[in-house]
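Okay, so chain A shows up in both of these, paired with chain B first and chain C after.
Take a look at the complex of A and B:
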């Protein structure tokens, strides 16, 4: 589904990804772990098409298409979804309006008629309950005044609503208490399907107790330096990144 | 190229939807302005003698005045002698007595504009007075209004049928020599709407006027006078469009609202005069004076405006809060794109005790445009316990536009309370990225973000206007990204 070859990327002339390779097939769940500053979030932003990052070398194909040639919105419509680490607020635009616009943009791309307001409301209410969000929040502005946990649940809710082919979750576990983590994990597990892939980016092993991945990769200085099964995450948890000879880079280079 | 003519037409239409010219025979004065022109105009309208005197007085004052230069706008001097001061659709006989007698071309124009003159009006419950170039063409729904005792007619008709009301209130809010453009308007206004709501009457319909400048080289100088007698209520809507022309056209209107005890007026405007093309060529100069006088106790006036049109907008709908406990509100969205310039805001003059005012202004700048909020909040010595809340928010799209805020506060009463909040924000890259990551087209994303920014104002608009306003922003923002 997703094939990344020798990917190099930089932001403001600072090289962050240095020849990253990764293959993800339909039905698989991959976890990327790594210390701060290793390039985890950069990878997710580059895949989603954030124009603040420049790809300097390498190629990425997504279901046979050259992903890097597609504008951000086209990637999204082709089924690439990113759950943001820090979802931005859009004041005055209701969550409901935002989500329906998004759903209808996807439907239009696939030649399906718009979903009407009533139909959408019903669907959105059902899914918001699935991630334990009060349906009243649908009327609030996008991420406006949401708590950290609500923002994360809102992101997972969007994934459930949009049913992407590839869901990239960027530190969706960070800042969550244990109950919220469970809700988010249940939501992500509900996404697991044979025709869908999930790429989780996380700093901590604890998410992987709830969402057991098929593969775990360790990222350091913009490259995958070790890959394995779920047991690799446990080993990291026990031994720390130092075990692989990686220093946890300065917190200043966050992400 | 597979592009069909129809697609081309569609594309042009999207640029400025109302940019068509209607081919109708019209009677137009030779360009130029002097006392004879004013006499001819007054004579043509069969006005009472006092009106001619009033006009001439205004004209003489205007000659002595200078064009204002303090606004944050830049344009070549208007050549007042190149403008024709009267243009009316030509008719074989007198004024049309019913819609059937109105030139079918004209009716088609209104249809294109989406004005509900026929049955649609009934469904929408809107009574429309449509001003085309200089004269009112048809006023719908006179009957239910008459039953309620409401007078809603062209001001030229009011001058003949209700001269005492016009004489009493015309110029009482905006005096003839109030400012340069108001003086010009007073001298040459050709038509406009007149509304009188009797004591204790809640106007059964929303009243609506559409203005359109059609003929080339004409100015439009309409005059609106609304009188809300004690305990009455009226909601009044105003919409404006003009064809696309390379030359600039002048629009200098005056709107006067008078509110007696416990009266309420809600005045909503969607202004979409032709803004000029993407290089800044053409467009309407919109130099307008709008003012409400809350002369009665407990009266309340709300101005709500959505301004997306005009090459230059110079407009400050104001409230004179004379009656104790009177309330003034101003809700504004002003959007500028390409080379448009807007200098707009409000004046809240607190004279009576416990008067209060609210100002919510949303300025959106895109392209190379300039958008200024200019507002005055004034508390006179007698304005015991008065208060004002002002919020001015600016939103920038791109990095070549400008937003300016000029708030003036004058307080001569220590008990007055004034709160002022101002913010400037940008449509951020992060917001755009979030929207696009969810499959939303960049232009649709900008439009959605801008609509969200304007929400507080849109919710003050009557329902059908709110929808129109949202669409208008979308059309006006086309080409603002990428």
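Take a look at the complex of A and C:
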């Protein structure tokens, strides 16, 4: 489904990704772990098409298409979804308006008629309940005044609504208390399907207690330096990153 | 080139005589001053950006006639008064019949009420030049009005539904119109007045308006002003508000650009504990021009003012906001907030914003902020990452920028009317492809 070969990317002339390789097949759940500053979020932003990042080398195919040639909106319509680490607040645009425009943009792309307002409302309400969001949030501005946990649940809600082929979850577990983490994990588990892939990006192992991945990769200085099964995450939890000969770059930079 | 120009003599011809004596007398006084009126130039501080758009040609001097055949479409239901070219058209109007509320056209006023109307106009602050060296063209209205409305609320009268005043200008040929609305709201009375400025035809015309509010103790008045006049209308509007103790005034204005749009809003908080809230939205495109000048005077102590204006300029259009807050020496414990945010949709558009603060009291809270910006890139990325087209993302974000204010308009019909105009604006400003 997703094939990343020798990916190099930089932001403002700072090289972040240095030859990253990754293969993800339909039905698989992958987790990428790594210390701060290793390039985890850059990878997710590059895959989603954020123009603030420049791809300098390498290639990415998504269901056979050259992903890097597609603008962000086309990637989304082809089924790539990114749950943002820091979803933006957009006062004045209601969640309802935003989500319906989104759903209908996807449907239009696939030659399906617009979903009418009543039908959409029913669907949106049902899914918001699934992630424990009061449906009243639909009338509020996009992420406006949301707590960190509500923002993350809204991201998962959108994934459930849009039913992507590939869902990339960027630190969707950060800032959540244990109850919210459970809700988010249940939502993500509900997404697991044989025709869908999930890529989780996380700093901590705790999310992986709830969403057990098929593969775990360790990212360091913009490259995957080790891959394994779910047991690798447990090993990292027990030993930290030090045993792999890497240190937390952000911490090192600050220290 | 002349350094200072005055009005052409065509504008000094006497206006029609069908008014009660005291209003004729007042108008005569104003007309005598008209010959000395110096027209604004780009050196006139309060017309710096707008003077070049002011074109008062001789053929505009004749007051447009009441056109009885004109169809004034209105979606507004309830109490509705229609003025065509500044003259009330009773056949198209439905006058309210509510005890304590009197709505009369100038031409029908008894001499007592006409004296009251003339007094209101004499005391009107919309008529005073805001500052030395500035030019106030509302003198033209005072000198040339042919009719108008006197709206009186007896103390304690609560008007149960909005009063709509439709100002229709027929621009079938050149000329001018001078609508005048006076509101005297007695103690503890309540009113929502909607003024809807529309036009038909596409000849160059001038619409010069006066709206004057006088609020008694505890009165609560909301003024809504919608301007969807055609491109060829030069609109110069002046609104004056005087507020007594514990009164509250709220203003919502939504304006679409034209060859010249100018609105001066001047509020005087004269009674202790009074407050005002002024919201304004302007969108301009093409080569349109829109200029909002506001003045809030804190005269008495313990008053609050809150002002929020937002402009969006597309293409090569130009929007101006000038917000002045004047806190008098005795106005201790004043609380004044002013915010002006602006969005430029293209490189060719221009927005000028200027806050002016004059503070003579020492115990006040006064905050102001003005920004000019473009759409937030992160927000666009978030929206397109959900499959929205760039155009839809731009439209949603631009609408969001002003919806916060449009949504505060307390009347659904006006919000709907504003949205229809705004949607057209966005369709043109963000054409597909």
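Just so it is clear, the second predicted complex is superposed on the first by the 250 of 255 C-alpha atoms of A that agree within 3 Å, B and C clash if a C-alpha of one lies under 4 Å from a C-alpha of the other, contacts with A are read in each partner's own complex, and residues count from 1 in each chain.
Keep in mind that, in the parts below, a contact is a pair of C-beta atoms (placed from the backbone, for glycine too) under 8 Å apart; a residue touches a chain by one contact, two chains touch by 3 or more.
Keep in mind that what you see is a predicted model, and the values were worked out from it rather than measured.
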item: Fit or clash between chain C and chain B when superposed on chain A; value: clash
item: Chain B versus chain C as contact partner of A:97, first or second or both or neither; value: both
item: Contacts of A:27 with chain B and chain C, given as first, second, both or neither; value: neither
item: Which of chain B and chain C A:148 touches, first, second, both or neither; value: neither
item: Touched partner set for A:175, first chain B, second chain C, both or neither; value: neither
item: Partner chain in contact with A:50 - chain B first, chain C second, else both or neither; value: both
item: Touching partner for A:135 - first (chain B), second (chain C), both, neither; value: neither
item: Which of chain B and chain C A:88 touches, first, second, both or neither; value: both
item: Overlapping segment of chain B (options 23-31, 59-67 or 95-103) - the one that collides with chain C in the superposed model; value: 59-67
item: Overlapping contact positions on chain A, where the chain C interface meets the chain B interface; value: 48-52, 71-73, 75-77, 82, 84, 87-88, 90-93, 97-98, 101-102, 105-106, 109, 141-142, 158, 162
item: In the complex with chain A, residue positions of chain B that touch it; value: 428-431, 433-442, 444, 448-449, 451-456
item: Parts of chain C lying in touch with chain A, wherever the complex brings them together; value: 376-379, 381-390, 392, 396-397, 399-404
item: Chain B-facing residues of chain A, complex; value: 48-52, 71-73, 75-77, 81-82, 84, 87-88, 90-93, 97-98, 101-102, 105-106, 109, 141-142, 158, 162
item: Interface residues, chain A side, partner chain C - complex; value: 48-52, 71-73, 75-77, 82, 84, 87-88, 90-93, 97-99, 101-102, 105-106, 109, 141-142, 158, 162
